[in-house]
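Next up: some structures, all given as structure tokens.
Two complexes come next, and they have one chain in common, subunit A, joined by subunit B in the first and subunit C in the second.
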Partner chain A sequence: MQVKDILETLEIAPRPGDDAERELAREVTGGYASDLLSDVMGHAREGQVWITLQTHKNVVAIASLKELAAVVLVKNREPDEDTAAAARAEGIPVLTTPLDAFEAGGRLYRLLRGA
Partner chain B sequence: MEFSYDIAGGDFSRAGAASSEVKKILKQLNVELAVIKRVVVALYEAEVNVVAHAADGVMQVTLDSASIEVVIRDRGPGIPDIALAMQEGYSTASPRVREMGFGAGMGLPNIKRNCDSLDIESTVGVGTTVRMVTFFNR
Partner chain C sequence: MKADLHVHTLLSPCGDIDMTPRDIILKARERGIGLVAITDHNSTRQAPLVQELGRAAGVTVLAGAEVTTREEVHCVVLLPGEGERREFQRFLDERLPDVPNDPERFGYQVVIDERDDVIHEEPRLLISALDSGIEEVEAFAHRLGGLFIPAHVDKPRDSILSQLGFVPPELVCDALELSRHADLPALLSAHPFLGRYPLLRSSDAHYLAEVGAAYTELPLGRDPSFPDIRAAIRAASP
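Up next is the complex of A and B:
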């Protein structure tokens, strides 16, 4: 499964002006939901989608160091300006869902695990 | 091989930059991915600790065919009780830093889990030196 295959389920609208084809082709192997950066650093795994409400730039640094598939910001949160710029530079999709973390995680789990 | 990077205290916008540079080098050198993944976690946490808790610091990386050694030396408040600081959940981070999702008190435990040997020396009012070694092909 690729990042583009989770957009509809998580009600993620593509950002205008995104030429994100390559980013959205990143392979998704699972998900991790947390707002504590050290928790994600220590326990998330490569290829996971990170569900969080943190919108600052360090999110991109962590996603990039951990080679996460994408960051999904919950409840319509938008990335800070420098976050969006860093995301483009690193090629990490930072996406926005209207869903909360419980709903987003539940839907992603069902999509990935088919349960 | 040796590399060295400066770390600015307080500047969260650049946190992780040094770790990211080291990761690139390790990848270029074809270090095992499993080792890189562990090293990256430990490096990042040590770098963020300089940013969050100290005035400034230097990350020094020494690589040979068997291991990677990283020494992060900072000027800052130091750690009065290292055993206490090592406990998961212990943090003196400011409310602002906590709101960003840092300051969960999981950094030093993450470092410990992700290197093969860890040595912390600290002098209150002077600074802290964190030395970690990770072996290849464990």
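Up next is the complex of A and C:
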């Protein structure tokens, strides 16, 4: 499954961008939900979609370091300006869903595990 | 000079009701602490009285706050003077969410005068996160000529490391604060980059017995100026 295949389920409107197509083709292997960046740094795994309400620029650094597939910001949160710039530079899709973390995680789980 | 740069008063909901300005100064004197910073959660309003009582008792007191940023990082901000304190208070008032305090649940949030009479009760819960990112808080503190010190960085919650994973390189920190029980060698081996920052150890006192329970020795004479304090903090190591 690729990042573009989760957009509809999570009610995400993709942001237009130069590399949007390539970014949205990143492979999704699972999900991780946490708002403590120290926890994500220690425990998230490559290919996961990270569900969070943190919008700080460090989110992109950690997503890039851990080779996560995408970051999904919940409850219509928009990335800080420098976060969005870093995301473009690193090629990490930072997406916004209107759903809260419970609903987004539930829908993603069902989509990935087919449960 | 022994400096304890993170002390709460009874204004903090979690601060003990015995944390009155008079008793904080008495305890600081008893412990030989010459420099104290008053840092209640998201408020500076009790600090002026502690400063006044400190002047009479020969204890230098800085006004400040322990700010909770949008990322839920606790940061100590210290202000150079009364005008700056008031300006910073306005900054806090404008960004504190409108969540009412429940004193039974969280504790009372009162400012008292020198006769221990309550002169103000803060209706909004002071331990909420401000609607302000850490960079904005840092920039505003520095615009006022103040100091910006991420608090108890070794703690697994409410700290810059727990919330943000690492210290953002562009963030201007005058020092980093270690908690009372921090294991510095273990911390530096897990996060070697922390060694690049000046480091303080403070008590984060919420109870009288904790005032001065941790402190940093700073090379300062009696009644130091704010610029001297700033220079000493920027060169501090625990």
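We adopt the following convention: the second predicted complex is superposed on the first by the 111 of 115 C-alpha atoms of A that agree within 3 Å, B and C clash if a C-alpha of one lies under 4 Å from a C-alpha of the other, contacts with A are read in each partner's own complex, and residues count from 1 in each chain.
FYI, a residue touches a chain if its C-beta (ideal position, glycine included) is under 8 Å from a C-beta of that chain, and two chains touch if they have at least 3 such contacts.
Keep in mind the model is a prediction, meaning the values are calculated, not measured.
Student: Using the overlay on subunit A, decide if subunit B and subunit C clash or can fit next to each other.
Tutor: They clash: once the shared chain is superposed, the two partners overlap in space.
Student: Check the residue A:S38 against both partner chains and state whether it touches subunit B (first), subunit C (second), both, or neither.
Tutor: Both subunit B and subunit C are touched by A:S38.
Student: Tell me the contact category for A:S64 with respect to subunit B and subunit C: first, second, both or neither.
Tutor: first
Student: Hey, is it subunit B or subunit C that touches more of subunit A?
Tutor: The partner making contact with more of subunit A's residues is B.
Student: From the options 6-14, 186-194, 204-212 or 222-230, pick the one stretch of subunit C whose C-alpha atoms clash with subunit B.
Tutor: 186-194
Student: Pick out the shared contact residues on subunit A: the ones touching subunit B in one complex and subunit C in the other.
Tutor: Touching subunit B in the first complex and subunit C in the second, residues 35-39, 41, 54, 56-58, 61-62 of subunit A appear in both lists.
Student: Give every residue of subunit B touching subunit A within the complex, in rising order.
Tutor: It comes out as residues 12-13, 15-17, 19-20, 23, 37, 40-41, 44-45, 48, 100-102, 104-107, 109-110, 113-114.
Student: Inside the complex, what are the residues of subunit A that reach subunit B?
Tutor: Within the complex, subunit A touches subunit B at residues 35-39, 41-42, 46, 52, 54, 56-58, 61-62, 64-66, 82.
Student: Taking the touch rule as given, give the residues of subunit C at its contact with subunit A in the complex, in rising order.
Tutor: Against subunit A, the touching part of subunit C is residues 71, 133-134, 156-157, 161-166, 168.
Student: Of all residues in subunit A, which touch subunit C in the complex?
Tutor: 35-41, 54, 56-58, 61-62, 80
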